[in-house]
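To keep things clear, I will list the structure first and then write my remarks on it.
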Amino acid sequence: MIAELPRTLEALLFLSADPVPVAALAQAAEAEADEVRAALQELVQHYERDGHGLVLRELAGGWALSSHPDAEPAARALLAKPRTPPLTAAQAETLAIVAYLQPVSRPEIARIRGVSAESAVGTLLERGLIEESGRSPFGAALYRTSTLFLALFGLRELGELPDVAGFDPSPEFEHELRERLLRAGEARGGIAGSSNGHG
Amino acid sequence: MTLQYLELDLDVFAGPFDLLLTLVLREEVDLLEVDLAEVVIAYIDHLDASGELDLEAATEFLVLIAALLELKSRLLLPGEEIDEVELDPGEAAEELLARLLDAQRYRSAAAHLHARLGEESGYRFRSAPLPPQLRRAPERDAVAVYDPGLLAAAIGHLTTIPPPVDVRHITVATVTVAERLRHLRRLLAAGRFTFAEALGRADRVTIAVTLYALLELHKQGEATWVQDEPFAEITVSRPPEAEPALRAPEAEPAPAIRVPVSAA
Amino acid sequence: MIAELPRTLEALLFLSADPVPVAALAQAAEAEADEVRAALQELVQHYERDGHGLVLRELAGGWALSSHPDAEPAARALLAKPRTPPLTAAQAETLAIVAYLQPVSRPEIARIRGVSAESAVGTLLERGLIEESGRSPFGAALYRTSTLFLALFGLRELGELPDVAGFDPSPEFEHELRERLLRAGEARGGIAGSSNGHG
């Protein structure tokens, strides 16, 4: 029989989409942090002993309930929809920038595109087409394409990326491409700025 | 004869026509049950029998029978019109009572739903996005669904330095009346000219500002013009007296026009 | 110890935002519907016996996990909002009319309530408790209750709503209402009579 505190914590973690810090749990359940920690351990043990389909874990931001990895095939069958809808223009541009210039940071993507890349980067990360790859000297996250990206584009390696349309490949291909993209991006950004000025 | 002598013998009424009218208006005879065609036939028979046509009586009959027809057709019509039919107080009360009872029934049902929602409020459902691994296509069985050409096209598009934007259409504010005045005075100095010559291939706003400038010249007495017919060519010349004057012309003063486009 | 099927089902229901029909669970878990039903019963009993903070119920044509009502005060403290804001009287009346008479049009709702139903219908649509369900022969939108309605009101199906005849006003109420109406009618008759006299 589960005691009242772990039972309450189970309900709270069930309802929380993100990990919950012990302090927040303690406050909500009107208990001491130590009591909460002990109760969470009790729950962890209960789940393991009884062989539940849920797992209770301590993550970076606190404690979180998740489904057991064993259930993933069934979960995929029930819930996973094909996550390969056609790419929007913004997503295609962002993905192309990452693919040809990787690793590349978000501010650089924004400079090249002339508009913010927040939403497109988020979607591409979520779909697993791009992934983080360290930090730039200025601390910005750098992105590269994933192996899933190669699979979904039918590429064996990045070297198979097609030549840039309307661009003459040269020995300093990448450097030149980056320069060219930034110049074009700034030109576009400039237009946006001047038309804003008139508007 | 008058209509009061028109005797009727209908299914629902037997007696003089004017009595029928009275009874219908008092709702003691249901108009819906009165066959108005029979009334008309009775009237025609009556005319036949009397052998004379009293115009005044005939007119009165037509007016009355038309009113009855209209009243009856309104009673027969469904929908909104029915609301205008006056129910007798008893019927109205019954109708209202039925509606109030119906409303009360659903008010009670609402109280039940309200209580039920309250009881259920302790059962909360989880609302969280799917874990990331379930939001992606599984790598194991990922197949090529995208065309790499898409990336090449996107990057190609991004490398294109866009042409400088044509902003001529928004720089019209730089055409000033002062400038156009100078232009026209230069032309005047060389003699007469046509308005079309003064314009050349100017855009619409320049045309408008040039026209303001021309009117201004007329106002100042520096120019006059001739146009033979509407839309014909306008020939501009110095006025006959051609004094380089600041005086206002006596004849036909041109309307004073405030030019919004940076004349100052 | 929980068997494999109930454990898988537990994980599936944890991940699902909406009630999941038995057939969908069976397909995802590669089991027979009867096996799924038995496994769900096993889970229900396990939760009760061990005193979990979660409740497994059949709702809105499927099965759904929810937190235990005992944890509601703590949940409210943590999440800082009630699960569902309460309904106003107008919304509850409109919802009751839709629930019992569905599909029903807005003018019909207004006729029964005696006042316009614009705002209440709009709010219920926004909250997802009712939804459009085709058009009447006169072109008016028809409304019905949603699956969310069933889930939030703890109903497996519409048939679980109590018989509407149970809400019929009492004979005393009807009698009293009739009396009131007659008195009002007489008062009006008197006024009409006197104003006729003046006319």
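A, B and C label the chains in the order they appear, each numbered from 1.
Quick note on the criterion: a contact is a pair of C-beta atoms (placed from the backbone, for glycine too) under 8 Å apart; a residue touches a chain by one contact, two chains touch by 3 or more.
Values in this document were obtained by computation on a predicted structure and should not be read as measured data.
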| item | value |
| --- | --- |
| Identity of the chain that, by mean CA position, is farthest from subunit C | B |
| Centre-most chain [mean C-alpha coordinates] | C |
| Between subunit C and subunit B, distance of the C-alpha-averaged centres to the nearest whole Å | 41 |
| Inter-chain centre distance, subunit A versus subunit B - centres from mean C-alpha coordinates, in Å | 51 |
| Cα-centroid distance, subunit A relative to subunit C, in whole angstrom | 38 |
| Subunit A residues counted as touching two or more neighbouring chains | 11, 14-16, 67, 75, 79 |
| Interface hub residues of subunit B, defined as touching at least two other chains | 124, 126-128, 130-131, 134 |
| Residues of subunit B that touch subunit A when the two form their complex | 124, 126-139, 142-162, 165, 167, 170 |
| List of subunit C residues in touch with subunit B within their complex | 14-15, 17, 55, 57, 64-72, 75, 82-84, 86-87, 89, 92-93, 95-97, 99-100, 111-114, 151-154, 162, 164, 167-169, 173-174, 177-178, 181-182, 185, 188-189 |
| Residues of subunit B defined as touching subunit C within the complex | 89, 92-93, 96-97, 99-114, 116-128, 130-131, 134 |
| Subunit C residues within the subunit A interface of the complex | 1-2, 6-12, 14-16, 20, 24-25, 27-30, 46, 49-54, 65, 67-68, 70-71, 74-75, 77-79 |
